Every structure is written in structure tokens, then in C-alpha cells.
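Both of the next two complexes hold chain A, though its partner changes from chain B to chain C.
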Partner chain A sequence: MNIASSAQQICFVILGSVVILGALGVVLLNNIVYSAFLLGGVFMGVAGLYLLLNASFVAAAQILVYVGAVNVLILFAIMLVNKKEKLKEIQGLKVRKFLSGLVCTGLLLLLLRVDFTTQWISPGPEAIGEMATERIGEHLFTDYLLPFEVASVLLLMAMIGAIVLARRDVLTSDVGTGDSVDQNLIEKSNEPILLDQSTK
Partner chain B sequence: MLTNLKEVIFFTVNTGLDLESSFNNLLQGLGLSSEVSHILWLPLPMLLVLTSALIGVLVTVWLERKISAAAQQRIGPEYAGSLGILQPIADGLKLLVKEDVIPTKADSLLFSLGPVLVLIPVILSWLIVPFGQNLIISNVGIGIFLWIALSSIQPIGLLMSGYASNNKYSLLGGLRAAAQSISYEIPLALSVLAIVMMSNSLSTVDIVNQQNGVGFLSWNIWRQPVGFLIFWICALAECERLPFDLPEAEEELVAGYQTEYAGMKFALFYLGSYINLVLSALLVSILYLGGWGFPIPVEWIAQFLGQNIDAPLVQVFTASIGIAMTILKTYLLVFLAILLRWTTPRVRIDQLLDLGWKFLLPISLVNLLFTAALKLAFPLAFGG
Partner chain C sequence: MFNDITPIPLQAYLLISSLLFCIGVWGLINSRNAVRVLMSIELMLNAVNINLMSFSSYIDGNLIRGQVFTVFVITVAAAEAAVGLAILISLYRNRTTIDMESFNLLKW
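And now, the complex of A and B:
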């Protein structure tokens, strides 16, 4: 065993434990902010695993999308609404915890069984390294064009949905009778953005 | 031994100044195995990056103090060294020996981790900065994409320190920093994409090589004037320099996410922001101003003077010209950034986000579209 491969193995052990322990921390920690930061660590660990597999483009994309966008948005949302409040007691919490633990253990056992029964080809196909960027581009614009476009439509729908939710126009008066009404929404706009402009 | 060294030097300059292989050859000439010499080589680029980044920061801090003084009709630092040139070192030493305070109610773990997370990605990004054909730490294929990915880690560090300080100004500063860097990263990446489309490569070395066909006339700034402006504005916003320094706006937020920091942890933020400024200027010069290229190609000059471009001495000479040109262009841009900082007022947060999302993003999309069209229409001028 030469230096390069032993260094690779040490890196793999470290990254693997970071990912597993971090993921456990995300689920089990009580402080939601810690969970969110640990999630970023897990994403970084996965990017490191991609780097070990000689897939540098995928690793960089993983960091850019998951750490730079997804995790930052999660943190953003948590910090904007980080109110310390007593949650209501949930009925039968112990039974629920037991049941979800059971499901998770079952899933783990199933995956372990898959892991041990499959004949893994070793070593796998050779990594194409620096060529990967071009190859991914080719695939995205030829045989994976439809999934690529469908995914972009999905993102567009999510974006429109977010805009609709964020710009909820509140009616301060009943449209039929003209009486003022309270819709019991949590947030109340001081000035209805679109609806009341015609009456002015 | 001496002949061996001569051979090594000859070999070095003959292959276009490839320092790594010549270093390995030297050590192997001394009777070490290739693996040992590789391990001995590994820390050298890291040290080189750290020292060059630090020296860059020291120079920039001195420039900032002197130029701001000139802009405000003061003298600025003058007692530490001649013209106050040692002032940044004095500042750094002061920060080193200051007491490191962690507020009682702060989250000490996240509080210490935040500045580190801000600094490390910035230093790592120096890997992809080329000073010559082979004078680059690592010519990774994903080059400029690595920088974009790494710079997206920074907001997490800012959010972390803002949250951990347990201070409303810090939290607001951290949130603003994250919002700002998310919104300006998109036009930034789109303008880089236009460049990448023209040079058919993400690698910084290829991007510079593609610009140096006919000297300064072939620099990307002529082909991508709009992209250059977008990139420069976004780079300033990512560095949180005035007019975009909202995360640490003194009059509104004390010092933003840095409010509770002192001593070395504050120094990490300070270093991070200045290294980021120098790095952004370097990247602008690489992407738009021809990197290490001399305004008139050195090959032409060598031909005019009747010199062989591959001769060892000429190689050393051209390499030094390359380094000097990169640094010159970079510091011209740093000078511009400093002038902007001391002469422009700060924008409001809503103006900042409006500029990012409603102006720069559409413009950079149109710029990308135009570049694609021009590339198809004039493949000779726009990299077919």
C-alpha cells in the first residue's frame, strides 16, 4: 500500500464518520440551529466523498447547491422565526417515537441486507475526472433533456407558489357587503397591495 | 552535485517554469524517493498561498489607509516605517496580543467556528489563481467553478457568527450578509458563465490563454464590457465593501456580525474581507484583463528582439513579467475599489436587493444570451 492510497483510506474513514455522526446529530439534537449547521457539515462531507471518487465537478455542484443555497436558506428561515416558545404537549409521544424508531431500524436492516447480498463489482468503472463537466453537459442536452426541462418547470411552479404565498393580499372589507372583516390571518398587511386600489 | 543543480535549473526553465517537477527532480537527484519528495513538496504551495495572501493583505491595508487619508485630506499613518509602511504589521500584532473575549451569553462553540468558516474558503480559492502558464497551485479542470462553489460557503460562517453572538445587531448583520451574498452570487455566476462559454473551459489558465492572442486588444473586457461591470459590482458586493457594506453598516448596526468579536477572531474577519478583496481583483484581472498577459504579446517582443522564446533566460524574464503584470492589474483594481469605498455613499438594503434581483440578474441573463448568439455568429472573435 503506498502513501496515496492510505491517505485516501484515512480520508474516507474521516469523511464517513463525519457524515454518519453529523446526520445522527441533525436528527437527535434538540437545538434546531445546531441541527441546521450540522446539516451543512453533512453536505460538505458528502462533497468530500465525491472528491475522493474523483468527481470534482459533482463535488463543487454539491457544495454550491446544497451548502450554498439549500442550507443557507434553511438557516435563514430558522433565524427569521427563531422564537423560543413552549410547544403543546403531543399525545402519545413515546408510542410515536417507538414506532418511528422501529420503522427506521427496519429500513436500516433492509439496506444492510441489500448491501450484503449484492455482488458489488470492484473496482467500478474508471472515473473520467476532468472530462466529467463536458460529459454531464452532453447528457443534459441530449438523452436527459426532458427530465432536465421538467425539473425546471417544477422549480418554476415552486417559485410561483412561493410568490403567491408571500404576497398574500388581505381583504380588509367584505367584497359583497362592504363591511370591514377580520380574516384572522397571522400576518396583516397594513395596506392591501392590489385589491383596494380600485376603490380609491 | 553542482552539475546536478544546473541540470535541474536548465530543466526547470526549459519546460516553462514547472516548479513542482523541478523540485521533485532536485530531491530525487539528492537520493530521495519520489513519494518522499512529493510529501516534502505538499506543504510548500500551502505556505506560498498563505504568505502571498497575507502580504497582499498587508499592502492593501496600507493602501487603504493612505488613500483614504488622501481622499479626506489627511496624512495617514507616517511614523511606523517610512510612509507608515509598517502600520499594517503593527495593527496585526496589536490584534494578536489583544484579549480574546467571548461574551458570557454567547454560544462559544459557534462563536469560535464562525470566523474560521469565513476565512478558510477564501484562502482555498487562491488555489486556482494563475500567475503564469505553470505558476498556479493547482490547475483543476473545474477552475473558476471551484471559486464560485467555495465562496458560497461564506454566508454560513457569517450567519453562524451573527447567531452565536447573541446580539440583535450581530444577527441582523449576519442575515443581511447572507441575503446579500445569495442575491449577488447569481449575476456573478452568470457573467462568469458568459466568459466560460467563450473560452470553452472552466480552467483559469485556459481562460487567460484564450485572451492573449493579440495583446490587450483580445482581452475579454472588450468582448464582455457588460459582463465586466456586472462582475465588478457583484464582486464588490460579495466583499461587502462600500457602497455595499450593509452587513457591517456602522451607523445602523454598530459593526454587524463583527460587533462582539475582539482580538484574533476579529482579525480573522478582517483578514478574510481583505483577502477576498485581493482575490476578487485578481479574478477580475484574470477573467477580463488578460491575467499575466503583457499588453503586447511577449512572443512578438522576443521575435522583434531576435530572441528565442524558449531560451532559459527569456523564460525567466517572461515569467517575471507575467507575475508583475498580474499584480499590477490586480492592484489597479484594488485602488479603484478603495477609491469607490471612500467616495460613494452606502445604498439602502431595499435598493441593494432591487439592484441585485431586478437589474443585474436580467442584464446578466441578456448578456449570456448575447454572448451565445455572438459566439454562433462570429466564431472567430468570440471563441468558436
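And now, the complex of A and C:
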């Protein structure tokens, strides 16, 4: 047991507890803003675990995409919809939480049994270090070329879909000519159309 | 199990990822705030990513196909988050609430 492996173990324990405690906080805290910031911490911890696994490129991608994009997007969504509302009481919510907790514990035990009883054929981690980025590039442009291209189409579709779903203001008349424009699919009225009428 | 070549056993990573996945499932079922549901989905995706990365490092040698899969999962997760939050904002506009219990239009 030399100093390098002890340092790795200490880092692993710290990162692992950050990830697990942060995830518990995300799920259990009442304030959604705290949850969002803790989620950023969980993403950072997972990136640290990737660094321990000799994967610097994926760790950088994790920080850029998850912390830089997804977490900021979630914070913006919270900012847009954060209204202090009194949630109405639901019958049997405690029972539901307890039962789903039981189910999740069972799932956890099943997963742990698989994890610890299987004899993984383990040659051990191979230190390929900086070669990893090169290897990922080779994979992306040779045997994973089709998924790579499909992913770009998927991102384009997601972008257009998000814009169409979230846009609000629809011009009802053409700016140039003044004629009314037919926008059947994407037109939305500004008033809530699905409000529960029975509560009024 | 603990030696100098592999100071951290593979099972330790699998333990972290299993715990993270189950926390995500519990949060997905029990959250009443729709934003928190999306956050739980991100937690589950991260658990799967840890799994893929550890298997790629410990078992796949220097081919690291798991890392390529992780890159794809990160891509899909970003797209999912964008569309999910757009749907959420659209829902909020129509029903003026983000309580999951009130999105019951399709309930029998």
C-alpha cells in the first residue's frame, strides 16, 4: 500500500460521499433551489469519479454539459416556474412514500447482490491516460460513426422541439403584408386552456 | 481486493452507482415538484454513466468503448433535459401549477 493508492482511496471516499449525500439532498430537501445547486455538486463529484477512472475527456464533457448546460437550464426553469404554492393534501402520501421506499430498497439489495456475487473478469484498469481522448475520437469516426451522426440529428430535433414547445408569442399577422397568417400547429392562445373548470 | 495496481475495487464504483440509481428512482416516484422529477432522471442517468465508465476502465482494457457510450448518454441527456423543461414550462402555462398530482388529464 503506497501513498498514491491511499490518496486514490481517500479521494474515492470523499467523492463517493459527496455524490451520495448530494443526491439524498436533491431528493429530500424542501427548497427546490437548494436541490438544484446540490445537483451541480453531484455532477462535479461524478466528474471527479471519472478522473479517478483515467477518463479526463469524459470528465471535462461532464462538467461542460451537465454543470454548464443542464444545471443552468434547470435553474432557469426553476426561476420561471417558482411560485410559492400550497400543495393540496393527498390521501395516503406517507404510505406511498414508505411503500416506494421499500421497493427501492429491494431494488438496491438486488443490484448489490449482483454487484458483489458476480465474479467480474477483471484485468484491472489499464492506465492509458491521455491516449483515452485519442481513442474516443477514433471510435467516434470509425465504428461509432452512425450513432455519432444520429446524435447530431437528435440534438437538432431536440432544439427545434424545445423552441416550438416553449414559445409563447405568435404573430397573428404577417409583418410585411398585414395578412393574417395560418399557424395551425404551433399557435397557442395566451390564456390557460386546460385550467380545471370545476374549481372556479 | 486491495492491492497497488487496483487500489479501488470495481465493486466500490458499482456500489456508488447502485445507490445513486435507487435514490433517483425514489425521487422520481415521490417528487411532487415537476422540476425535481427531471432532476431525479438526471441522477439516474449519472448512475448509469458511472456504471459504464467503471466497466470500461476495469474490464474493457484499452478499447474504452464504455467511454464512447457515456459521451452518447450525455448527449441524449442534454436533449432530454431541454425538451423536458420546455414541456414543463408549457404545462405550467396551461395549468399554472407544477404539482405532479394535478397533471391527471389522461388518468382513467
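Quick note on the criterion: the second predicted complex is superposed on the first by the 162 of 200 C-alpha atoms of A that agree within 3 Å, B and C clash if a C-alpha of one lies under 4 Å from a C-alpha of the other, contacts with A are read in each partner's own complex, and residues count from 1 in each chain.
Just so it is clear, a contact is a pair of C-beta atoms (placed from the backbone, for glycine too) under 8 Å apart; a residue touches a chain by one contact, two chains touch by 3 or more.
Not measured: the values here are computed from a predicted model.
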Which of chain B and chain C A:20 touches, first, second, both or neither: second
Touched partner set for A:52, first chain B, second chain C, both or neither: second
Chain B versus chain C as contact partner of A:3, first or second or both or neither: first
Touch count on chain A, higher of chain B and chain C: C
Which of chain B and chain C A:61 touches, first, second, both or neither: both
First, second, both or neither for A:12, with chain B first and chain C second: second
Contacts of A:40 with chain B and chain C, given as first, second, both or neither: first
Partner chain(s) touched by A:72 [first = chain B, second = chain C, both, neither]: first
Contacts of A:123 with chain B and chain C, given as first, second, both or neither: second
Where chain A meets both chain C and chain B, residue numbers: 2, 57, 61, 69, 73, 76, 80
Complex contact set, residues of chain A against chain B: 2-3, 33, 37, 40, 44, 56-57, 60-61, 63-64, 67-69, 71-73, 75-76, 79-80, 129-130, 133
Residues of chain C defined as touching chain A within the complex: 2, 4-8, 10-16, 18-27, 29-36, 38-40, 42-43, 46, 49-50, 53-54, 56-59, 61-65, 67-68, 70-72, 74-83, 85-90, 92-99, 101-102, 105
Footprint of chain C on chain A - complex, ascending: 1-2, 4-6, 8-9, 12, 16, 19-20, 23-24, 26-27, 32, 35-36, 39, 42-43, 46, 49-50, 52-55, 57-58, 61-62, 65-66, 69-70, 73-74, 76-78, 80-81, 83, 85, 87-88, 90, 96-97, 100-101, 104-105, 107-108, 111-112, 115-116, 120-126, 128, 131-132, 135-136, 139-140, 144, 147, 151, 154-155, 157-159, 161-163, 165-166, 168, 192-196
Residue ranges of chain B in contact with chain A within the complex: 35, 38-39, 110, 140-142, 145-146, 148-150, 152-153, 155-156, 159-160, 162-163, 171, 174-175, 178-179, 182, 185, 202
